[in-house]
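Please see the structure below; I have some questions.
Going in written order, the chains are labelled A, B, C, D, E and F, and every chain counts its residues from 1.
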Amino acid sequence: MSGLTHFDEKGNAVMVDVTDKPVTDRMAAACGSIRVSREVFEAIKNGTAKKGDVLGTARIAGIMAAKKTWDIIPLCHPLPLTKVTIDFTLEEETLSVEAVCTARLSGRTGVEMEALTGVSAALLTIYDMCKAMDRGMEIEKIHLLEKAGGKSGHYLRPSPF
Amino acid sequence: MSGLTHFDEKGNAVMVDVTDKPVTDRMAAACGSIRVSREVFEAIKNGTAKKGDVLGTARIAGIMAAKKTWDIIPLCHPLPLTKVTIDFTLEEETLSVEAVCTARLSGRTGVEMEALTGVSAALLTIYDMCKAMDRGMEIEKIHLLEKAGGKSGHYLRPSPF
Amino acid sequence: MSGLTHFDEKGNAVMVDVTDKPVTDRMAAACGSIRVSREVFEAIKNGTAKKGDVLGTARIAGIMAAKKTWDIIPLCHPLPLTKVTIDFTLEEETLSVEAVCTARLSGRTGVEMEALTGVSAALLTIYDMCKAMDRGMEIEKIHLLEKAGGKSGHYLRPSPF
Amino acid sequence: MSGLTHFDEKGNAVMVDVTDKPVTDRMAAACGSIRVSREVFEAIKNGTAKKGDVLGTARIAGIMAAKKTWDIIPLCHPLPLTKVTIDFTLEEETLSVEAVCTARLSGRTGVEMEALTGVSAALLTIYDMCKAMDRGMEIEKIHLLEKAGGKSGHYLRPSPF
Amino acid sequence: MSGLTHFDEKGNAVMVDVTDKPVTDRMAAACGSIRVSREVFEAIKNGTAKKGDVLGTARIAGIMAAKKTWDIIPLCHPLPLTKVTIDFTLEEETLSVEAVCTARLSGRTGVEMEALTGVSAALLTIYDMCKAMDRGMEIEKIHLLEKAGGKSGHYLRPSPF
Amino acid sequence: MSGLTHFDEKGNAVMVDVTDKPVTDRMAAACGSIRVSREVFEAIKNGTAKKGDVLGTARIAGIMAAKKTWDIIPLCHPLPLTKVTIDFTLEEETLSVEAVCTARLSGRTGVEMEALTGVSAALLTIYDMCKAMDRGMEIEKIHLLEKAGGKSGHYLRPSPF
């Protein structure tokens, strides 16, 4: 089963052997959004500027989760990440908050799962902190933006247009 | 800031005091999807039936992540969950896999974050196991389906129609 | 060895049996301080109000560490805490930041270690975030303030005067 | 905000990018103390020699906590430490136990937080194991002793005299 | 598939629903052994009495691992254990060390996996600490000794004679 | 105490200093077995082929536990493993399941504890999933098979014949 690299020839799950891959600088960026009610949107927007800092807490959650991706995703390698950042954009027209997570590593395998896990934890934390106001929020559009540094080359998500 | 219960009156983040809330039976169900390429879809579908069991691994990931929600989402209470299940549906027409996570607890606070975290980890694991075939997969539509057992009453997500 | 309850009669470490103790409401509060340079003090004070929120990050660290006290302190019982808060006071005259952690539980054993661990992690996080400015900071005065709810009765630390 | 390296130019918390820093041998040593009652002091002193080994348990706690510093302090990098030791000194004249933690790493960033976290966990464990005898113990004087191996050069804490 | 309770009717792994089971006092005891060389046996025996305390470290490892059984064994419930002890017996005639782990809980499901996991971690720690002397050590005879408190009644392992 | 490398000259436990050891490719393989009843054996055998996949779940458990060996065994170094696999063999004549765990690393210290911990967690998971059918299962014969890549040279367990 060519494409499913997380299985051996008998179909059993494995943590893929990357021992012989070269150490290179690697980076990945992923993003995702949460769609919220008008009331929640205003609370987040105001909270950021003044008090009740939803995004500050979500940022810490995303960074901490990225570091333990290997403990959440079964076949991910444990990786000593050298950088993690989380950035948020408030999108007024769609009443949504977009999160972007960027991760870096000097190592033998890519960090895209770390970026995706960081985004997911940040968005889940926003949900958690605002759920008393709105239970209908939806997390959406979690995907890889960019990936560089491995044998498979530079990946840049095609623009939707 | 009335709606944001995770902050005290000064705007500081807190793990909300639920000591005085009654112990009741609580449940929550959440779902979400991952949209994949035709090639990935077939690999998952065949793998499930025969070998290379992507969904079996994703199910374990979701169950284990639900148990440590409190260690991923900063202000969640540590909860001794009494049930976690993850179910998948393959949706051929949209080339997507839907995950549903159901959690239960006899306790003082709800388990919706546990259900949402279980769904997220299961979908991320599918991404991880199939990413060598397709880096353009997208995780979407993560939301609460149902919640029962707390003071705020029974929540059932309104049908989209 | 009467006083050392964490050992059995042969002197071996044990996680004390609390199965037969009654479930009661328990709380504990602990505090501690970090003494910093004038430059760090100003950076924290301004950061809190405007940007670079040292204390917001330290608060999250303290809450999350309190939840996993049982995984840090070998003989502590795993406890499903029902409340954790961290509060900071900036003390201009001594150039120090004081942290107070309050924890609650409806359970069979006390939560003083959770309060003390929350304080310690919060202060260590302040150190981490400011260490590029000053490596001579000192963490001090970590102690229990109050404890209520167990068989040993109400403990209130005697005033130093 | 020059000194606060854990924030980006917008004031948001980040896990600092160390990808481009050279791999060098790094070490750090930190210390701290716990002041106890005469009764506790004697119990620890005798326990060490004969049975009821408080310090042996505290040493293991400190070593294990140093290894997971990155999971306790939000913006610390995950680091594959190559050495951790904890040493204790009983100081009869002040009725206190001093802990020193030394950590080493061949890597891209320093290990002072690991040394400080190891000391803190060791001292908290002493508190835990002796708290049935004395709730008034105080943890104090946690600070960095020495740090070597990074760009910022050798740091040796100035003598108090 | 009647006997395999960790699967639903479709054969999918689940964390079994125990929400409706009564809270009762539960205990379990498990044991296991490690067979070592004469040289290792003597080192452990002398170490216990004087210094180089292999068994003290292994005891802490077993207690801490029992507490996180739910994070090691995928379908185990998270349980707030109320007691964990580890006891060792040195068996000169077979050159082996036997470990017994006893766990208790007031809860809705049994603690036999916690007792078995505690034993396993304690024996692995002995292996780790002595492996420089002998790589041929073997861990054996890990089994349940006793279990009480659930619907399935009292289990006492039949004597081998 | 020559052979016990996990203690310093005073007999205190340490995480051994490996900073100055060279980075080399290292591998280790370990195995172990669980003896089960005829009924359990058939359930596992059929489950593997069709549904109720005991071994698939146990494989994930073993891989994930190997990654956190450093968090289970107190004096193990945290290691960014580059490969983990778990393989099972059903042995009809002895009614047992044998697990083999292979781990690799490019690093400064060996990975035998990771292989042994992976085996132990996999076997414990089999016990967990089948315990409703048979509480008399026994885990046995956990030992190192092979180890390569360090200063101590290639170790291959002598054949029993």
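By our rule, a residue touches a chain if its C-beta (ideal position, glycine included) is under 8 Å from a C-beta of that chain, and two chains touch if they have at least 3 such contacts.
What you are looking at is a predicted structure, and each value in this text was computed from that prediction instead of being measured.
Q: Just to be sure I understand the contacts, which chains border both chain C and chain B?
A: A, E
Q: Counting C-beta pairs in contact, does C-D beat D-E or the other way around?
A: C-D
Q: Could you classify the chain C-chain E contact as same or different, where same means more than half of all interface residue numbers appear on both copies?
A: different
Q: Using mean CA coordinates as chain centres, what's the chain B-chain E distance in Å?
A: The computed centroid separation for chain B versus chain E comes out at 31 Å.
Q: Find the geometric centre of each of chain C and chain F from their Cα atoms only, then give the gap between the two centres in Å, rounded to an integer.
A: Whole-Å distance between the two chain centres: 37.
Q: Give the residues of chain B that touch two or more other chains, as numbers and ranges in rising order.
A: 12-13, 53, 56-57, 60-61, 64, 68, 74-75, 78-80
Q: Thinking of each chain as a vertex joined to the chains it touches, would you call that graph a line, ring, star, complete, or other?
A: Here the contact pattern is something else, fitting no line, ring, star or complete shape.
Q: Touching pairs of chains, all of them, please.
A: A-B, A-C, A-D, A-F, B-C, B-E, B-F, C-D, C-E, D-E, D-F, E-F
Q: In their shared complex, at which residues does chain C touch chain A?
A: Against chain A, the touching part of chain C is residues 53, 56-57, 60-61, 64.
Q: Considering only the defined contacts, which chain C positions touch chain D in the complex?
A: Contact set of chain C toward chain D: 1, 3-7, 10-13, 32, 39-40, 43, 47, 50-54, 57, 60-61, 64-65, 68, 72-76, 112-113, 116-117, 120-121, 124-125, 127-144, 147, 155, 157-158.
Q: In the complex of these two chains, what residues of chain C are touching chain E?
A: On the chain C side, the touching residues are 8, 12-19, 70-71, 74-75, 77-80, 107-109.
Q: What residues of chain F sit close enough to touch chain A in their complex?
A: 25, 56, 59-60, 63-64, 67-68, 78-87, 104-106
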